[in-house]
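Below, chain A partners chain B and then partners chain C, in two separate complexes.
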Partner chain A sequence: MNWLDVLSGAVEQALGPQAMIYCLAAIGLNIHFGYTGLLNFGQAAFMMVGGYAVGALVQTWEQNLWLSILVGLLAAVLLALVLGVPTLRLRADYLAIATIAAAEAVRQVLGAASLNDQFGGQDGRFGFADDMKSLNPIEPGGVHFGPIDFRSYDFFIMIVGWSLALLLCGVIFLMMRSPWGRVLKGIREDEDAVRSLGKNVYFYKMQSLILGGVIGAAAGIMSGLATDNVAPSDFATDTTFFVYTVLLIGGAARVFGPVAGAVIFWFFLNGLDLFFDKATHDNLIPDWIMTSDQASLMRLIVLGLVLMLLMIYRPQGIFGDRRELAIDGR
Partner chain B sequence: MAAETQSVTAPGQTKENAILVADNVVRTFGGLRAVDVEHFEIERGKITALIGPNGAGKTTFFNLLTGFDKPDTGAWTFNGESLSGVAPYRVARKGMVRTFQLTKVLSRLTVIENMRLGATGQRGEKLLSSVFAPLWRDQERSNTKRAEDLLERFKLDAKRDDFAGSLSGGQRKLLEMARALMVDPELIMLDEPMAGVNPALKQSLLGHVKSLRDEGRTVLFVEHDMDMVRDISDWVVVMAQGKIVAEGPPDDVMADPAVVDAYLGAHHDTELSFEDEAKIVAEAEAEIEAEIAETEEQS
Partner chain C sequence: MRLRLAALLPLLFLLTVVGTTAPAHAANDTIDVVGTLLDNRDTPPKPVPGVKISVEESGAQIAEGVSDAEGKFSIALPGAPIDLLGKKITVKIDTDTLPEGTSLTDEKKTEYSVTIRTDGDIPIGYRIGPKADDSDELVRKVSQSAINGVFLGLLLALGALGLSLVFGTTGLTNFAHGELITFGAIVGFLLQDKLDSPFLLAALAGVVLSGVFGYANDVFLWKPLRRRGTGLLAMMIVSIGLAIFLRNVYQYIVGADSHQFTGVPLRREPWEIGSIDISPRTFWSAVICAIILVIISIAVQRTRLGKATRAVSDNPALAASSGIDVDRVILTVWIVGGALAGTSGILWGINYGFDYQFGFKILLLVFAGVTLGGLGTIWGTMAGSLIVGLMVEMSSLILPPELKYVTALVVLILVLLIRPQGILGRAQRIG
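Let's look at the complex of A and B:
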């Protein structure tokens, strides 16, 4: 492996299916957290509900894939209602607590051994994406841009996923520029003020939770389609925190924040991994500092450090508005 | 007649044409009866001032009437419609809009966006029509026009495109008042609208408040500045320790011993000068004497 491989490996990840999935999830979370100020710490649950609806309906109950995708999106609506109805009237922290608990509950239930026949326990569901694979028009050899390679089906998924992400960005741009988006942003700033002007805050928060949740489910579905597998470990709590990281890197309440954030996040996450791997193998970093086995942990350490620096020196994210920063202190 | 013997500043008087009528509104915080109002009416098309020492329960009463807080007991109607238990946003939609003592501007929205948010019946506030700008663009334009006129009136036109979070304390008060007017309320309830506004602007704002009345709106406002109260209000209601202790025309109320008590008894925290105090006491004494003479005459 040479240094170019490190770079191309990082780029492949930055544009690959993983980045696209986290981008979609962050677009949904941006509606919650960025625009409405809803503290949803259970975006992974929305992703899981979507992914599992598709996986289980197709593999266990032998339903049509496309119908299952629709059901997956509707399942997210249901989850949003279950989470939102009791908590959205209360203070913001209650939603945070409810979502973080719900995410864990959903994961425990869907991964439970006693539901092995339906959801496949810790192995989850697989082999349900055949209909999607059959649509793949990319030649089987995959695509190559210089040193950058993508497998055929991966590239197909990327095209579909990134197109969906850009489409959603466009729609969200239109929505957030409209009076509807203004109400959401008003709620983020001070919901009592918005109430005093005659807006049904609860209703708007519900719409926001549903919309962002459905987009989260779409991310989960894409994740299932990309790997032809859904498993509980794909939707653990750290998934939600990675999604938050993606959102904050790009800048909350920025239309393209999730896109930029996902690309940057995955570029560095994989780039750092490859870098430290190569550096330890080549003995650029001597063994007494770090062995190649330990190198794989470095990426998370460095990323955490970078995130801290970002939050200190650029809390509005890379594309955030500097003017907004001056206000936050008050 | 009973009404004759009742003092002109007795609390809980009925009004000829009341826009708001409240009965037995009680709100306790632990052992404290923060609001304990037996009967309260607001005359339509008039400027009513609600005064009282700090902690009298004025803000709490505002919160109750507008649905932001729930009373222990009590009922009230607005334009004859019961408002007890009605959600704050519905109260606002019915035409009763309040501002907050601690201003609530939407910091990371621009001043003009703050204003536009106030407009009611916006087609673009529906989820599905939000994406299709042509459905709401005309309405948005006319709302913007109205917002700009109001901003000019409140001397905020230069701040149009600044974030509301960058405004000074006084400017925030102005923005909040202007924004409330965007709702086009029938009754506007202002909680200390002039606190922190400079004297020169205050004068012109007083003019605006009066013009609200001339437009046919009803104004209820809380204020500690007695000169302002005397200057613009048609009617003054005095609260102390949760209760309404007196109400009447400004001059009569300020001469009422109950009011003097409320302010000078337990609480020495208003801005009355020595001359004012002496005058009020003298007036109060004169009034008491007059009353005694009056009752003697009648009997």
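Let's look at the complex of A and C:
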């Protein structure tokens, strides 16, 4: 087995477009869950609405890409309003069920065969990122750092996406230090106390849902641009669960938690994948224990275990502060 | 690659006359429109030869073909597959060429529009039979959906009771409950498939092992977590981790394919009662569900343990102080809930088939039923699940069938908006 291949492959994923997309989605979720204590299990829906607005507007209705991106972000505001009005008054566990159901409903509608002409059914939309590709200044040969390779367009997307992520981290750092941010944290800690101070809790929660949702939509848009494709399978319930894992690894309610979480998550996810893939191909693990099909599942089996153990033994994540985490039975 | 005819697939599934659902890959140099015309009034269905079928592109005919002695037709489209990609074609049947006395069941369905996305053959299905009387057809469809809905509702109720009782007694929203349902189907299937045991034995063992699995869930995971004082929301996320873990272990064991039980001593060939079809298998499965639900209801109402369960559901602290062993009640709830979920999984498996993630797929329906009825209430869970089952099946009378689950999800959200405690739940603060 070539350990260097495993390592460099893992590093490529840890910095690559996927990690950047999950980082953005987790930054949005951090505002919901980390700072406001909203258990939003519908983050995938925000991503999907953003990605699909861009994909469908450009491919189906032949609109300008940049205008479509703006519409995608606005669509997330709309979704936050539609989702928030009925659900934000609910207790945390009910909110989780309602948002997960809403996200799945959105996904099934957008992926429905009867809307094939608009949204392309299970194939989704593709071939809409040409305007983005034409902006790519990186030389076509791609970029190489020793054994680590990135394709030209991927590298461009990474630069754009990670810059956006860092910018958002800065903005969130400032926002959470502001009085507005303190109210959000107050809601997380004790909703009734904030209410008794005369703040409109519902209103603040809605602002939090909108802000995080728009950042989620940005993640969906970046996902669409990176692969030049949006499909219903990209935005399944598991996507939301993975975003949670990213956030919880890095540490909720920490500005750089999502960044660290995304890098670590994808480093290990892809590292494990490559390791088991090579181990089965080189017959380090005999076939009767694990075939190469089964090897591709090991990373998710480990992921499930890690999520459980993390939540049990270190709910604050790697960089989090236990006092900051409002995971209790409210 | 197979053409994704998501729009046609449900149709192909429902229609008694179907085009080949898995088209042959042989001819890679042309794309063919293929199908078989069968007259389903006869048993076995009689082929319908000599029917002209034409293919049009933007109004102009580009190819045509005639069904052969076996009722099959295969029409090669002109041009290389690569040029055909992305083109939209319309397949039409010439109803004048149908033999005397035959007609399409649905006279309006003479043409299908298809966009070519892959180079696979394009399957097309037409239903041939007696002309349907519109009002009769509506009654038939409504009653058929109602029957399907009641059955789905019973299965969901069986699967949901464990979730609801666990929530009632411990407050845990268990996202890994879908995997308890899958567990029953997988264990039953493995016992039968690998150990060659007879179906009934495998099914019974599957139910018992599901109960053991529920027991293991509580003893090895949830009870220690309760002891540590882990918060409910943290436990909920733990259950998500458990769900991801179990689902992938299941796929590790049985693969990604869908499986069918073999050797089930209940026939699939439907009885025809009036114009409604119901298979003996579905019927007896529904009877089993109903019997179990009645037994559980009586047990909860009459037995000491049942009363203790309701007491713990109501107020754990008060129940403990009046001498009820809360941990024992919770453990019983896990065992019974696990066994019920497993039973539901096996019955689901023998009727619809199963794969490693079907429990996860129906989990949201289960949640919908439980929430509609009122989380933690037993009667509410049963009533809510039945309503959800009916609604899911009935909605496909109006909506495209692929959207039938969406109805349940929308209702779930509406219930939370209007009456969050559910139809039978006690009003309490949940917001």
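Keep in mind that, in the parts below, the second predicted complex is superposed on the first by the 315 of 330 C-alpha atoms of A that agree within 3 Å, B and C clash if a C-alpha of one lies under 4 Å from a C-alpha of the other, contacts with A are read in each partner's own complex, and residues count from 1 in each chain.
Please note the rule applied: contacts are C-beta pairs under 8 Å (C-beta built on N, C-alpha and C of every residue); 3 or more make two chains touch, one makes a residue touch a chain.
Computed from a predicted structure; not experimentally measured.
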Do chain B and chain C fit side by side on chain A after the overlay, or clash? fit
Quick check for you: in the superposed arrangement, does A:D190 touch first (chain B), second (chain C), both or neither? first
In the superposed arrangement, which partner chain does A:L7 touch: chain B (first), chain C (second), both, or neither? neither
Decide which partner touches more residues of chain A, taking chain B and chain C as the two options. C
Please work out whether A:V201 is in contact with chain B alone, chain C alone, both, or neither, and reply first, second, both or neither. first
In the overlay, answer first, second, both or neither for which of chain B and chain C A:V109 touches. second
Tell me the contact category for A:S178 with respect to chain B and chain C: first, second, both or neither. first
After superposition on the shared chain, which partner residues are touched by A:L65: those of chain B (first), chain C (second), both, or neither? neither
In Å, how small is the closest CA gap from chain B to chain C once the two complexes are overlaid? 10
Go through chain A and flag every residue that touches chain B in one model and chain C in the other. 327-328, 330
Residue numbers on chain A that touch chain C, as the complex places them: 39, 86-87, 89-94, 96-98, 100-102, 104-105, 108-109, 112-114, 116, 121-123, 237-238, 241, 244, 248, 293-294, 297, 300-301, 303-312, 315, 327-330
Using the touch definition up top, name the residues of chain A that touch chain B in the complex. 171, 174-175, 177-183, 185-186, 188-190, 192-201, 207, 211, 323-324, 326-328, 330
Contact set on chain C toward chain A in their complex: 4, 6-7, 9, 115, 117, 171, 173, 225, 228, 230-238, 240-249, 251-252, 255, 360, 364, 367-368, 371, 400, 402-403, 405-406, 409-410, 412-414, 416-417, 420, 429-431
Chain A partner, complex, touching residues on chain B are 66, 68, 87-90, 92-93, 97-100, 104-109, 113, 116-118, 120, 122-127, 129-131, 133, 136, 140, 163, 165-166, 179-180, 182-183
